[in-house]
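In what comes next, subunit A is part of two complexes: it sits with subunit B in the first one and with subunit C in the second one.
Let's turn to the complex of A and B:
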């Protein structure tokens, strides 16, 4: 990580304010330029934008702007019965809606003291890992595309579509599965499902091998990704960084292991870490976790119970009063810690549901810091390497 | 950075020779998965228009719109879905009590008119209306509870030994669990003759607010302790939840509310009513119709006098229904509250004998009569006047008055209605062997299902398609009843088949007592001839308008003599609407006349 102060001594850079630590520049001098990257830009992750101040082709200041996607989920939920929140929550994160479904269900179940049948726990874990796989596949495409390798994006997005086919078969929906519902899941696995999952996994593995050759062993990619956006281990706690972003800096932190939920304690896997903390290390973590996800899905298909109920009956959902209380439930999504803080006042409507998405930290505070002194052509790659999804910033 | 990093990327060139993954639209079509949540389908004939889909839809994409005629148990409304709003979550499919709503696996629909995307599934002609594939609620996943909470009851061995109330009532926990099953569709409200706000009082149970529940109940029914036990509960026959298994125990939930509140507390909870308005109304008969009219008239400020021929008030509630179904103290609870409001109930006062009808007519501003059906029909067969042949009502009457009926060791009850069941089960309580003969099939019996079930459970033998032929003096027993088997013969389309005697199928039962309970007729002998001449009658019923006003404007009538349903709740509803009618008549029409 290049120190800001040292750099400011170079004549090209504006002086730094001793109190705020921010650059003091005069736009009228003609030396600096403001550029909006986003909200409509191929190098931005979804509907957000970066306000970049550049000097030549180097970024000297970055400001994240959000608000393009605010749909007010948290507020909407306060006016809806619990069951009516269920179709809403998945929309908080489009590429992997299942974590929202799971956490909302888990929170409501914890408040109401409902125990979910064993089989539902396995099915939930299975869908969460399938969601992780789909999300990583899409992310690989984004990361490759941001460095000009759009073809890889086409392969992985296709592979993701095959995972979506599996979701469609399981739940009836490709993007918004609405499969995990308080009480369990909505249906059993279709006949022969495990075989079709395996077929898809084999296909994905083949593509991952090619990606390893075309991306991870690619001089261009390495040249641009190594040393880009370095997160030092010290920054991890300072910024509240979780997920692959933290693990890429050698921090062993994974909720699946640290606070096992669902059936993760019955699965055999290790926390994947890499050293370096740069975009390349993070890519390696995600590539390996994609493969790990495939392994976890295989383990589950082998170990999960074949018999038993997958749903426990709830009180009548049309007037389900969840007992007074509050809870925070969390899960490890592809981007880090995803959490739902839920408060019930004993009525039919939730008093407050707060969603903690990891992108808030990563896309706003962290990105603003990491973007400084990055070449403008690499901001897109840096942005993607933090793996952020705007809808969870603006719940 | 190594040489591999320069060379490796080129190794994936091979992918350039792979087949493309994409579908070539529109040449290739890709059907949705078998569970695909595509466009809605609805079996409109199975759908009952309960509106639960509309209720659960968080997008407010569903509106119920009229497409059919309203029938019992079917609102006639059907869901209209707005695809500008729908998010295809399929909660509407999950919650649908009849299972009529589903989704097809169709997902492509192109039109340049946005209005067409609001449509009535199943009713509007669509290519996917009969799609086999698509999302349906999965087996093992259900958002509603189809099973009733069991009602604690005496076993049949226990119940047939005494007149102790058989149904013991819900505990708080049971009542709440049962109340939780309600989906508040309101089809019951439409069906209840008194249009009781059932979902509202059930909600009061869930909220543990008994006072609120009592108020809601009394708004439409001033005899809830009785009705909560013996109502014919037409609501339960149409309950939407019944399509999932068993209907809600609506009647027993009402009873639960009443059982929780001490009579002494009623006055603190219920409305006092309007102050006296100086007008007087007479009510003849203290059955459910008369008491209901008296209660609502009293609330409207009328001075009400109820005339009743019996020793105690309640009419058929007390004299027609045995204590194991409706304990007398519960009838008293209802009546005492009405009396406490200032209604003057005069017992042992038979109009025509103790008081002259003309006097009552002259002394009051309006008159309501609800005298019920008191004349039992005879079997019209030989030997009917032999000793040992008792009328069902007469026998029940005796039991209420505390006289032990002379039944002997074996009884044959003829009839299939509730009075027949009551007579049979009462006879069982006097240790008689009981046989019930009914002309038609079991499904044709007018008695409540549970009455038939309980009668059989208590050991009454039910013989259907049996026609009594004659009664003779017995050899070892007091009587002999000869009966013949009947076959059911079609009586034209839309009419129930009629029983026709099979010649030569005669059988005989030796018994001590025969109890005909095949219905009863009204007794209008208390009406002076000139009054009766001013009223109009049709098939034994007094003809009335929607406010239960007879052809003589000052006289209103209700209950079994004026409505063919012949149950307590209809009589209560009649009393209520007559009270409104009398109020309109006395307050508005007379005022109008004074003005012109």
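Let's turn to the complex of A and C:
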């Protein structure tokens, strides 16, 4: 049996048998205890669970379990026409559905050789940044709540609700918007929309300042987040880490800059990085990116064209045959690289659609490694600091 | 090269392949990273079967099963493709193959490369890549569960990942019929009506367009 002290040096893998994958800790020895954190637990990010083996307060083994939210999107899409897949894809990610809409549309458009009007590109970028803002606001609340500061969660969820109001006005839907469709977007901006967006941004900015004081300068938060779940720069490629989790370790990578899509090459912004690689550094990256997102939305409202079409008419979507081919399209969502790998065999149905979500690596392999030697009280904070959503793991 | 790839390179047919020759896909507007120059080298060293440039930042290459892991190791260690973006499979049941796709990213060049390999569907198995990337083991565990593709030596490959207590055939295989499964598993509830989606949309949602068909 493995002794905790002997296992103090972290390895690539948890101390499991190389062949069977089973734990090598003997629960019958009385030294260890197994605790399930989730799927019903306030400190778990969505419908997933962590199977923790603890020795005292220290986690010595963690296994991620998913499958509580498996709806078989990828399989379902193989027997649906492209336009029938469209209402499915947004449901892969609840807090941030727009990235799925955009990537599905972008992949189908690339395979079918459809060019999107310029105005639609601006509208798509606007909704993606609004989704980023809403998602980050929800995340800030989750991170604060995981460290016992639930009040901050109430502030941010309120602010998120104001962003959802804007989505409702734009698309009719608060959670699933189905606004970005193949060929463009579904509708023009309502009259006076820019002013209402600006009013909401002003409110959010005010709250962000409060959060900065109440959370980022809070001694308890600092004490618990600094040094928690350290991701070293060397781990980034090894574990396929992307997004703020990588940027919190000083890695300057952002698909919006590295492989510019939509109108990001016409916007003025920098890649935000922090040093340290711990939960605190990741929080700082996300707080700064929330403010950056507000700035990007303002830039777009100033620069976007007032005239022009926002949609290109597609062939009859009920008989739309997408030419044979394959592609991979990606975008930078709040959690990192989000991508759609789409394969068409020239028929009305997609041959294969694979959804690449950043949580796939962050919540499973990376979490299983980072949780080892963490105090059990900090597991929730660590989990939230990786910002994961289970539906994109089990698609 | 099988019939799928040949059909794809000709731009027709029902399958999707990477083409027998280097070509350009939609969206290519000037090549930023001259990946094309690497193809002869890779062909010489790793017996590249085919290649296709889809965009300036995306290409697909196909290699034989025997050289796949050596090729991926070479790409990771010597060519800068250090990021495993994803690893998945496509089921070509009509050709009796699975097409495995390893998507790799080169951060220095900002270039994606899809390495593809065809493996037989019968007793499907492939060499593991968990020693190259730890999260490769998670992808392989999922592929074992969803497609029945084995990766001997991959940690926990036989453990269930998403499905628990699943005894049917791996559900992502093309022969697994989701409709039949749901009809068999979930008994019909009274008051439920099923419409044919195409007919329903034609009649209810697009009556004016339907007149022009």
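Details
What we mean here is this: the second predicted complex is superposed on the first by the 371 of 395 C-alpha atoms of A that agree within 3 Å, B and C clash if a C-alpha of one lies under 4 Å from a C-alpha of the other, contacts with A are read in each partner's own complex, and residues count from 1 in each chain.
We take it that contacts are C-beta pairs under 8 Å (C-beta built on N, C-alpha and C of every residue); 3 or more make two chains touch, one makes a residue touch a chain.
Quantities reported herein were computed from a predicted structural model and do not represent experimental measurements.
With subunit A as the common reference, the superposed partners subunit B and subunit C clash.
Contact with neither subunit B nor subunit C is seen for A:148 once the two complexes are overlaid on the shared chain. Set against each other, subunit B and subunit C touch different numbers of residues in subunit A, with C touching more. Of the two partner chains placed by superposition, subunit B and subunit C are both touched by A:316.
Looking at the shared chain after the overlay, A:84 reaches both subunit B and subunit C. In the superposed model, A:337 lies in contact with subunit C only, and not with subunit B. In the superposed pair of complexes, A:240 makes contact with subunit C only, with no contact to subunit B. In the superposed model, A:305 lies in contact with neither subunit B nor subunit C. Applying the stated contact rule after C-alpha superposition, one finds that A:326 touches subunit C and leaves subunit B untouched.
Contact with subunit B, but none with subunit C, is seen for A:218 once the two complexes are overlaid on the shared chain.
Once chain A of one complex is fitted onto chain A of the other, the partner contacts of A:56 are absent, as it touches neither subunit B nor subunit C.
In the overlay built on chain A, none of the stretches 236-244, 326-334 or 344-352 of subunit B clash with subunit C except 236-244. Across the two superposed structures, the residue set of subunit A contacted by subunit B and also by subunit C is 84, 316, 318. By the touch criterion given at the top, residues 80-81, 83-88, 155, 158, 161, 165, 168-173, 176, 178, 184-188, 190, 210, 213-215, 217-219, 222-223, 309-311, 313-319 of subunit A touch subunit B in their complex. Subunit B makes touch with subunit A in their complex at residues 1, 4-6, 8-9, 11-12, 15, 21, 32-37, 52, 55-56, 58-59, 87-91, 94-95, 103, 134-135, 138-145, 180-184, 203, 206.
Across the complex, subunit A is touched by residues 7-8, 11-16, 18, 25-27, 54-55, 57-58, 60, 82-86, 88, 90-91, 101, 103, 107, 110, 112, 114, 133-135, 137-138, 153, 155-164, 171-172, 174, 176, 178-179, 197-198, 201-202, 206, 209, 213 of subunit C. Considering their complex, residues 12-13, 16, 18-21, 66-67, 70, 72, 74-76, 78-79, 84, 110-111, 113, 237-240, 242, 253, 258-259, 316, 318, 323-328, 330, 337, 339, 341, 343-347, 351-352, 354, 356, 360-361, 364-366, 369, 393-394 of subunit A touch subunit C.
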